[in-house]
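In the two complexes below, subunit A is the common chain; its partner is subunit B in one and subunit C in the other.
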Partner chain A sequence: MRKMNAWLDHHLGYVLVIPALIFIILFSLWPVAQSTRFSFFDFQLNDQQKSGLYFTEQYNLKLMHETFDYIDYYLEIEKDTVKQSSTQERIQDTQQEILEIYESIQAMFPGQTGIVSINDQEHEFLVKASDQVLAGLEALYRIEDDFNLQEDIMMVASELETSIIQPNYVGLKNFQSVLRDPRVWQTIRVTLFFTSISVGMELVFGLILALIMNKAMIGRGLIRTFSLIPWAIPTSVAALMWAYLYNGSSGIVALILARVGIVEQATDLMLTSSSALWSIIFADVWKTTPYFALLLLAGLQVIPDSLYESAMLDGANKWKQFLHITLPLLKPSILVALLFRTLDAFRIFDLIWVLTGGGPGGTTESISIYGYKVMFAQTRFGYGAAIILVMALCVGVISYLYIKFLDIQLISD
Partner chain B sequence: MINKKAERLFGAAIVLYLLIIIFPFIWVFLTSLKPESEIWGAGAFKILADQPTFEHYEALFRGNILNALKNSLIISTITTTYVTMVAAIAAYAIARLKFVGKRLILAIVLATSMFPQITVVGPIYQLFVKLNWTNSYFISLPYSMIALPVAIYILVIHFNKVPKEMEESAKIDGASKMKTFTDIILPLALPGIFTAAIITFISVWNEFLLALTLNPDSSYHTATVAITFLRGQFQIFWGQVTAATVVVTIPTLIIVILFQRQIISGLTSGAVKE
Partner chain C sequence: MKRILSICLIMVLILSLIALAGCTPKAPAGEPAPAANEPVAKTKVKFAVQADSTKALESIVKAFNEKSELYEVEAIILTNDSGNMHDQIVNSLSSKSGEYDVISMDVVWAGEFAAAGYLEPLDTFIKDAGWKPTDFNAGSVSSGKYKGKHYALPYFSDLGFLYYRKDIVSEEDAKKLASGEYTYDDLFAMAEKYSGQGGTKYGYVYQSSQYEGLTCNVNEFTANWTDLENGLKMMKKFTDSKATPDNILVYTEGETHNAFLNGESVFARNWPYMNGMAASGDYTVKVDQIGYAALPNGGTVGGWILGVNVNAQNMEGAKEFLAFIAGPEGQTINATVGSYLPGFNALMNEPKVLQANALLTDEAFQKALQSTIARPVVANYSEVSDVIQLRAHEYLSGNGKLEDAVKNIGEKLQ
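This part shows the complex of A and B:
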C-alpha cells in the first residue's frame, strides 16, 4: 500500500493527464489520421467497389455467395416456366455446371468471409470463372423457349465481376483534383472574403465598443449581460432568426434595405450572391462583435490608470494616449482574440448552412460546407477528406503566421 | 461642457448598440405572437399583432421541440460532467506537477482546439455507424473534441493563480500530492472549475455539425438541429420558427443572466495577462 502510494506520488502527473490524453487521441488525433488515410483512396460509400480502403485487389466473398444463390434461385423459377422438357434438362445441366464453378471458388477461400485480398493468379482464375458462368447462361438462353428472367439473371450474374474489387488507392490524385477543382477555389475565395471582412469589422467595432464600455459609468452589468447574449445563443438559432429578418416577403430587415435602396427589391437580398454573402457577414458581425468587445474590455481594464494620469501631466492628448498607451498594452489581447476569431471564421459552417445552405447557386458556399456536401451528400469520403485537409492546412498556416510573426503567447510561464 | 457632450454621445452610442443587439429578439418574439394570417402580407411589418395568439407555441409543443430540448439537456449534462472532471485533473498536472513531456501535451491540447470540427466528422461518423452508435447519447463522447481543450486551457490558467504556498505547507505536513490536490487545491479552484463547466455546457448546447451528422433521427435531434427542421421543404412556418427561436433562447438567457461573471471570466482568461 505504501509502495503504491509512493509510486502514485511519483507518477501522479502522468496518471492525471492520461484520461484527457485518451479522449484527445480517440476523438481528435485518430480521426484526423483517419481523414488523412481516406484522402489517399477513392473512397465512396455508395459504390460497392469503393466502400473500403484497398491497397491491393480484393474479392467480395459475400457478394459472390449472394450472386450464386440468386442465379440458382432464378434458374429454379425458369425451370417451372419453360415448356419443353429438354430445356428443363438443359437448365438442370447449367445449374450443375455453375454449382461446380461455385464450389471451386469456395475451395480457394476455405473458412474466409467478407472481403479478402487476392493475388494475380487468383484474379485470373476468378475472371475465368465468372466468364464461364456468363457463357453458360448465354448458351442456355440461345434455346427457343418461354424464358422469363433472362435480363434479371444476366444482370445478377454480372455481379460476379463486380465482386472483384480493384485497389482504390490513388496516391495524391485526390489532392491533384482538389487543386484543379474550380469549386474548391471558389469556396476558398468565399471563405477568405468572409473571414477577412467579418473579422476586420468585428475588430474595429469591437475596439470602439470596448473603449466606450470602459468609460461607461452606469449600467455596466446590463451592457455586459446584453453583450453576452448574441455570443451565447446557438448559431443555428441566430441564423434562423436572421433568415426570418432577411426573407423577401415578410422580413423587416430585407424591407428596410429595399426601402433604403441597398437592394432593389426585398426578395433580391437572399437571391443575389453578393448581397447574400453580405447578409451572412452582417449576421456574423452582429453575433460576434459584442464578444470581441468583451475580450478587449477585459484587456483594457487591467491597464493601470496611473499610466494615463502621468501622460495627462505630460500634456498628451486623448489620441496620443490611445496610440502610445492603450494600443500597445492592448496588443496581446487583440492578437489572441484575432487569432481565435480568424480560425473560427475560417471554418464557418452552421451560419451558412442554416442561412443560405450555400446558395444562391453555391455562391456563398464556404470550404467547410463544400467538404461536408462532398462527404455526406455525395458520400465521396476520400475526396472530401482531401478538401478538408487542404482547409486544415490553411488553418495551420494561419495559426503559424499569427504565432510566429505577431508573437502571440498563449500561455505565459 | 465638452465632457457633458461627449458623455451624451457615449450614452447614445451605447443605447444604439443595445438596441441593435436586442432588436432581432424582440421582433422575432412579436412575430411569434401573430396569427398565420398576419405573418404574411401587410401584417408582417406591424409591430403588434391585431389578434395576438399562442397558437404557434401550442403547435410547437405538440411537435418535437420538447424532446429535442430534453436531448440537448441530457447530452450537455453528460458531456459537461465528464469533461470538467477529466480537464480538472489534467489541468492540475499541467499547471503544478513536473513530468517529462508536459510541454508537448500542452501543445497538443492547444493544437486540437484549433482543429476545425469538420476534419473529424467523417471518420467519427463512420466509427459511429460501425458501432451502431448513431442516434444515441454516445455523441457526448466526441464532444470532448470541442470542449476538452478549452476546459483544460481555462483550468490551467486558474490553477496557476492558486498560491503555491498552500501546497508547500501541505508538503511539509507530509501530505501526498494526491491529497494536497483533493483537499487543498481543488476547493480553492472550485470557481475556476465552475467557470469551465459553464463554458463547456454552452459550447455543447450550441453545437450543430456533429449533432446534425451523428443524430439524424428526429427522436435524437438536439435543439439546435431540431429547430432548423421546422422549415419545411416547400413552405416555411415562420410562426413556429420564431416561437421555437424564443423557446430555445430562453435557457441560454437564464444561464447568461445567472452566470454572467463566470462566463466572462472564462472567456477572457486567455485574453488577459495579469
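This part shows the complex of A and C:
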C-alpha cells in the first residue's frame, strides 16, 4: 500500500491526464490520422474499384457471383428466343463451360464473402478465367441466329475484369494534383482575401466597441448584453436573414445600395463577384465583431486604473493614454483574438454556403466549400482529404506565425 | 483513507471510460416476425423522395397502404434542391445504411449509383412481376441501365418544353411555335414583342441559377452541346434583355412557375408538372390560356426513376412497393392526380389517363416528345455538370469571358 501511495504521489498528475489524453486521441488525433490515410489513396466512394483503401490487389466476390448469375440468366433468355435447336445446344454447352469456370473460382475462396485480397498467382488465374468466359461468349455469338442480348451479356461479362481491384495507393499524387488544381488556388485566394479584410475590420470595430463597453455608464450591462446578440445567433440563421436583406427583388439592403449607387441594380448585388464577396464580408463582420469585442474587453479590464491616474497627473491626454497605456497592455489580448478569428475565418463555410453557395461562377467559393463539394457531392474522398490537409497546413502556418509573434511579445515583456 | 478513495475514484473513471469506448451503438434489431392469427403490425418501407407539389405522391402512398397487408410505406420527403438531395442520399448510401429502402433518383444519378454498387439489380424482379423493360418509358429505363443491368424503373418521365400564353400570343405566332419550326432568335423577338402585354411583366422565364437546371437549359440552348459558343451567346442575350427578369440568374423551377402561373410572363421553359399546377386552378393563369411547343433545339430529358437500396432493411417490402408505384396502379394515380407523364407505356392509350392529362393529346406537345435531347451520359456526371454550371453562370453573370466558358465546358465534355 505504502509503495503504491509513494508511486501515486509521484505520478498522480499523469494518472489524472489519462482521461483527457484518451479523449484527445479519440476525437482529435484519430480523425486527423484517418484523413491523412485517405489522402494517400485514390479513394472514391462512387467507384466500386476505388471505394476502399487497397495496398494490394483485391477481388470483389459479390460482384463476381452477381456477374455469373446474370450471364446464366441472360443465356437462359437467349435460349428461348433462338431459332435453331443446334444453337440451343451450343448455348447449353457454353453455360456448362462457364459454370465450370465459376465453380473453379468459387473453390479458390471457400467460405469467403465480400472483398478479399489476392496474390499474383490468383490474379493470373482470375484474369485467365475472365478471358475464357469472354472468349466462350464471343464464340457463341459468332453463330448466325436471333440473339437479342449480345451487347448486354458482353457488358455484364466485362464486370469479371472489374471484379479484380487494382491497389489504389497513389502516394503523394493527390497532393501533386491539388497543387496543380487552379480551382484550389482560386479558392485559397478568395479565402485569404475574405480572412484578411474581415478580420481587419473586426479588429477596428471590435476595439471601438470594447472601449465603449468598458466605460462606466448607465445601462452598461444592457449594452454588453445587446451587443452580443449577433454573435449568439446561429450562423446559418444569420446567413438566411442576410440572404433576405441582400435579395435582389425584395431585400432592403440591396435596394439601399442600389439607390446610393454602390451597385448598379439591386439584383446585381449577389450576382457580381466583388459585390457578393463584400456582402459576405459585411455579414461576417456584423456577426463576429461582438465576439472580438468581448475578448478585448476582458483584456481591458485587467489594466489597473492607477496607470491612467498617474498618466493624468503627468498631464497626458486621452489619446496619449490610449496610445501608450491601453494599446501596449492590450497587445496580448489583441493577438490572441486575432489568432482565434483568423483561424475561424479561414475555415469559413456556413455563411457562404447559405448566402451564395460559392456563386456567382465560383467567385466566392472558399476552400472549405470546395473541399465539401469534392468530398460529398463528387465523393472523391482521397482528393478531398488532400485539399483539406493543404488547408490545415495553411492554418498551421498562420498559427505558427502568430504564436511566434506572440512569444516575442511575451519575452520582451 | 483519502488516498484509497482517490485510487478507487480514478479506477472507476478509467473503467467507465473504457466501457464507454467499447460501447458502439447497436444496430436496431430486426422487427419481430408477426405471429400467425394475430393482428399484424405492418413493416415499414421507407421511400426517400423529393416533395411533390401535386397530391399524387400522397395518393399513391395511401393507396398502397390500404392495399398492402404486410407493409406500410412512409415517404421521407427530402429537399427539393436536387443537388443537396443527391449529396444527402450519397451520404446515406455510401455508409451502407439501410435508412432508405426505395429511392427516387434524378435520371442523371443512376449511372453513378449503379457504378458505386448502391443499387439492387432489378432484372429478375422485372421478370418475376411479369414485365419486360420495354413495357416502360424507353428514355427513363435506358438511363437506369448500367453495364447491361437494369437498376431503376421510371417514377415519372419528364422533358423540358415551351409554355406560352394563348390569350396573348397572336394566332400566326402560335402556329409558328406549334409547328416547332422556329429558332431562339424568333423566340427572343417574340419575347420582346409581347413583354408587358396582357398584364405581364416579362417576356420569357427559364432556369438560369447556378444548379442542375442550368445544365439542362444550356443543353437546350447549345443544341445538345453542338454549338456552345452561339448557344451561350444567345443565353447572354436573353439574360441582358429587358424581356427577362433582372434576376433571371437566380431562377429555378419555383421562380419560373410562380412568374408564369401568376400571369407575369408570356413564355416559360419548364417541365410538364407546371401544367398540373395550372390544372389545379389555384393560380391566375388557367389551363385554357396555355399553349405548348417544342423548344427550338429540342427539350432536355429529365424525370425521376426509382431504385432499391442494396442494403435495404426491408427488401421484400421495398420490391412490393416498387412494383406498385412503377406499375400500372401507381402510374395511373401519378398520371391522373399529378398530371405526370406515365412511365408505364400501356397507360399512354388509357382513356382515363388521356382525359386527366390534356398534354398527351396535344399535337405540339407530341412534337416535343419526339425531339428530346439527353444530358451527357458519363460516370462522373456531377463533376461534369458542376463545371458546366460554374462556367456558364460565370459568363452569364458577367464575371467571365465567353471563350473561357466555351473552352472549359468543351474540354470537360470530351
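Rule of thumb we're sticking to: the second predicted complex is superposed on the first by the 382 of 413 C-alpha atoms of A that agree within 3 Å, B and C clash if a C-alpha of one lies under 4 Å from a C-alpha of the other, contacts with A are read in each partner's own complex, and residues count from 1 in each chain.
The criterion applied here is as follows: contacts are C-beta pairs under 8 Å (C-beta built on N, C-alpha and C of every residue); 3 or more make two chains touch, one makes a residue touch a chain.
These numbers come from a predicted model, not from an experiment.
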Which of subunit B and subunit C A:Leu8 touches, first, second, both or neither: both
Partner chain(s) touched by A:Gly299 [first = subunit B, second = subunit C, both, neither]: first
Partner chain(s) touched by A:Pro19 [first = subunit B, second = subunit C, both, neither]: both
Partner chain in contact with A:Pro31 - subunit B first, subunit C second, else both or neither: first
Comparison of subunit B and subunit C by subunit A residues contacted: B
Contacts of A:Gln378 with subunit B and subunit C, given as first, second, both or neither: second
Partner chain in contact with A:Gly171 - subunit B first, subunit C second, else both or neither: neither
First (subunit B), second (subunit C), both or neither touched by A:Ser249: both
Residues of subunit A that lie at the interface with subunit B and also at the interface with subunit C: 5, 8, 16, 19, 26, 249, 376
Subunit B-facing residues of subunit A, complex: 5, 8-9, 11-14, 16-17, 19-21, 23-24, 26-32, 34-35, 38, 209, 212-213, 215-217, 219, 221-230, 232-237, 240-245, 247, 249-250, 252, 255, 286, 290-291, 294-296, 298-299, 302, 332-333, 336-337, 340, 343, 346-347, 349-350, 353-354, 368, 371-372, 375-376, 381, 384-385, 388-389, 391-392, 395, 399, 410-412
Parts of subunit C lying in touch with subunit A, wherever the complex brings them together: 3, 6-7, 10, 13-14, 17, 21, 83, 86-87, 90-91, 94, 112-113, 115-117, 121, 123-124, 147-149, 210, 245-247, 249-250, 379-380, 382-383, 386, 390-391, 393-395, 397-400
Subunit B residues touching subunit A - in the complex, by the definition given at the top: 7, 10, 13-14, 17-18, 20-22, 24-25, 27-28, 31, 39-41, 44-45, 86-87, 89-90, 92-94, 97-99, 102, 105-106, 108-110, 112, 114-127, 141-142, 144-145, 148-149, 152-153, 156-157, 176-178, 181, 202, 205-206, 208-209, 212-213, 223-225, 227-228, 231, 236, 238, 241-242, 244-245, 248-249, 252-253, 255-257, 260, 263-264, 267-268, 270-274
Contact set on subunit A toward subunit C in their complex: 4-5, 8, 15-16, 18-19, 22, 26, 45-48, 51, 62-63, 66, 70, 73-74, 151-156, 158-159, 248-249, 265-267, 270-273, 357-363, 373, 376-379
